[in-house]
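Lettered A, B and C in written order, each chain numbered from 1.
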Amino acid sequence: MIEQIRNQARQLLENGDVDVVIGYAEGSDPSRTTPIFIRKAEDVEKLIYDPRCINSLPLYLNKRHEYTRKGWKKTAIIGKGCDIRAIVQLIAENQLKRDEIYILGVPCEGVVSHPEKWDGSLHDGNRASKCIGCDVMIPHETDFFPGEKPDVDRSSPYEATSKNVATLMELELDKRFAFWRTDFDRCFKCYACREVCPHCSCNTCITDETMPSWIDPAAHKKGVFSWHLTRAMHLVGRCTGCGECTRACPMGIQVDLFNQRMKEVVQESYSYKPGYSLEDKHPLITYKVDDREDFIK
Amino acid sequence: MKTATLNKSDIGKCIDLLLQADLRVIAPRLQPQVDEDGPDALEVLTFTEVKSGEGHQVGKGLLPLNGVKEFLFAKHEPLFAYEKRGKKIEIIPVHHEYPQTVIIGVRPCDAASIASLESVFSDANAGFEDPFFTERRSRTTFITYSCTAPDSSCFCTSVELSPDSAKGSDLHLTEIGDGRLHVEVITKAGEAVAKQLQELLKGEGDQATREKAGAEVTEKLTRIRDSAPIMDWLMDTANFDDEMWQRLGEKCIGCGACTFVCPTCHCFDIVDENKGSKGYRVKIWDSCQFDHFTLHASGHNPRDWQYKRYRNRFNCKFKIYPEKFETPGCVGCGRCIRACPVNLDITEYMAEVAHKATNPNAIKAE
Amino acid sequence: MSNIYQPDLMTITKVIQEAPGIKTFHLKFQDEEVANNFSFETGQFGEYSAFGAGESTFCIASSPTRPEHIECCFRETGKVTAALANLTEGDTIGFRGPYGNTFPLDDWKGKNLIFIGGGIALPPLRSVIWNCLDLREQDGRFGHISIVYGARSVQDLVYKREIEEWNQMENVTMVKTVDPGGETDDWDGHVGFVPHVLENDFKPDPENTVAIVCGPPIMIKFAFEALERLGFKQEQMVTTMENRMKCGLGKCGRCNIGSVYVCIDGPVFTATQLAALPNDF
């Protein structure tokens, strides 16, 4: 499979069809892989794809990460299904144009939840929860796919919600709050959760705004709670569930539990799953006659 | 130097004795998880204040995620309060009562980092003493614990330390087999703590076994880099514009993870937290990896690309710290490697620089 | 425990609107003891606070030879400067300082001095200009003094009164300029960017002369290049750097250029010193 991807990448670069191929390469130790930017055809041999390829690469298509300053006219990117959902969502939000991106889709069998959990194979003990019940293992939107692309029914609701969400929702409110208090106590506001998120694409994030200062920049209780709740709200109906925010948090805070819960809410309320359609507009900025109204009392 | 032995199983009792002596005790602890066995959950080990000797993880996990930094250099430090009264302002000092503290189970790399922070915050730096740091420091005693199982990210031996180093320690523990620990009393503060633990400390230590145990663990380190040529290479300002900075650094996404987990990173911001006519001026952690860290009001930014911010971080660790503060900038704890979401690895820079420094004619290392 | 982060309180005794968005404050310490113990030298800066908004770094714009009050002059660019700009006479601000090194006046004895500044960069120059003028008046320790100053447009010029005062002074050459397009009908100065006017119109003689340049990084760069073409050596050129700062104490870590911390090792540097620093400013 990776040979076909490499060949395609080589051709794209040789023909000058793209300026760069964003993909994965071996990392600095055997359990890790790393994002790589390939500009020369001879370097395509470095490309790999396997269950250690956790990163959501579309974050590099996000203007927060200097994408628009790099002057690339056409970018090829290796995408597993969930990452392609992120690309599709970026396009739907007018952050990208479909024709500036060349999507090299890969068939995916799931990825590990954390590099630390890699023990040579993928199994129920280390498979990221987002991969359980994933409906884009054969990706939906691609420009190249190695081999035949079977039709997949993606109409059913998510099953990918982590068990943790249900466990938390079952807790009494005060216990749930106590859980977040201990977890958030560790947050020191490094903003890795924001920087890895393909959809945190604001030029100036609300937490960096100083006039006025909406969110206390300090990592105390108030500053941390307001940061996470605000961020969760900004990602309602936009989060494509890559789980990177949790994976990246150096303090082991499961940031994406909020986003997963909100994902369920949006799904229940609007039957909307972000990242599946280039045209569908976000439900919170559109109005449909059959939108739910029973919460207006 | 005084030595003794201690039963490993008595560490909980040690903590209880210290607590009975009215000391605040900080030890590694596992944090609760929603779903301990869930695939997304990782063990979360942090230094936390403990109220009893039960459940501690001293000598068990490797490195607590947070390190000891936040107990000396707070994440959020109110510097003073103010109140506006018409055209007048009143400044109200915040009263800090720092409890006498013992941090137990500190690994050698973390212990070595204290001297580095101290070189920035003490009056040895330009005559300005940060009293919030130095007062905490003077009330904190470090009981360190030699590593037994370094992981693939550890590289202390590449920065002149070792898994059994007692640098920065007050009282140092090393496993010598049979469930016993070799205890070394390093400083006066360590001696005071040893006194509290007297009933548990036995006879003399076993220096020979301790040395041997240390050497065996040192052998286990796999990440070995030659840091000797790095500083000289960085001193040559022409190398500041070397092509490697951009090549290795372009994947950096500018989160502050590597800096916030780093035991020697000292950078902060000063902001006002205002409520009506009152408020606090506070010091909060900041990071040179953030794009607005050096942004001038004019819009000019000397570090206008992310790779330049990481270049600063590497220079900070291997040139600025040793040159300006005369202490190590990196203690090889590997936290930044473990924390980086895009696997940007400081030891790859080290290897590349060492290669360039020793092969000046190499056109480009692949 | 003395708290290096705690400012002293000062009263704003006078507010002058210098140009659109630019104000000068005259400041006096509220505590007499602090006032009596305070001294500074030209080139140094302070951390000025608007309580509730935070702190900002400005140089001390007045001369140590005129110790009745201290002055700062700032442009409204963000949170703190906006809050400061809202204050009026009688209001209280916080001040920490003085910090940083100073202009090496001792090295300039017997030499001619040229001060070159652009835009809001006149405040640090103004302090050293008055300092040198006052000292020369006392004991004639400096030679000829020239001032080359420019801004984007006539209305952006700060210290207009003083520019006129300097213009009237004997043994002071005042060269003023505005960027092309920024002139008015009655403008009697030059039209052109500061480094250009310096090199092509003013053409100073490098012999026994020191040039002191303040301005945005890009202006400093071009002014140094122009001076070198005029025959100035690097050790004859001095400047001040305005890196972003927070603490002013060498602790917060944001003002460094290589291993040099601008807040404690600067802000005054010679061109020789700057040339030895990595390209990080």
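Worth pointing out:
Just so we're on the same page, a contact is a pair of C-beta atoms (placed from the backbone, for glycine too) under 8 Å apart; a residue touches a chain by one contact, two chains touch by 3 or more.
These numbers come from a predicted model, not from an experiment.
Taken as a graph of touching chains, this assembly is complete, with every chain in contact with every other.
Here the chain at the heart of the structure, going by C-alpha means, is B.
Judged by contacting C-beta pairs, the busier of the interfaces B-C and A-C is B-C. Rounded to whole angstrom, the centroid-to-centroid distance between chain A and chain B, based on C-alpha atoms, equals 31 Å.
One simple way to say how far apart two chains are is to compare their mean CA positions; for chain B and chain C this gives 39 Å. Chain C has its Cα centroid 49 Å from the Cα centroid of chain A. For chain B, residues that reach two or more other chains under the stated contact definition are 269, 271.
The set of chain C residues touching two or more other chains comprises 78. Along chain A, residues 213 each make contact with two or more other chains. Taken in their complex, chain C has these residues touching chain A: 78-79, 82. The part of chain A that touches chain B in the complex is made up of residues 27-37, 55, 59-60, 65-66, 113-114, 116-117, 124-129, 162-164, 167-168, 179, 182-183, 186, 188-192, 194-196, 208, 213, 216-220, 223, 243-244, 246-248, 250-252, 254, 257.
Chain contact summary for the complex, chain B toward chain A: residues 31-32, 34-35, 38-44, 46, 65-66, 70, 75-76, 152-153, 250-251, 253-257, 259-261, 269, 271, 273, 282, 284-285, 287, 290, 292, 305-306, 335, 337-339, 341-345, 347-348. The part of chain C that touches chain B in the complex is made up of residues 1-7, 9, 11, 49, 51-55, 75, 77-78, 81, 90-92, 94, 216-218, 242-244, 246-247, 249-254, 256-261, 264, 276-281. Residues of chain B touching chain C in their complex: 79-80, 82, 84, 87-89, 91, 93, 120-121, 125-126, 128-131, 135, 237, 240-241, 266-272, 274, 279, 281, 283, 286, 288, 293-298, 300, 302-303, 308, 312, 315-316, 319-320, 323-324.
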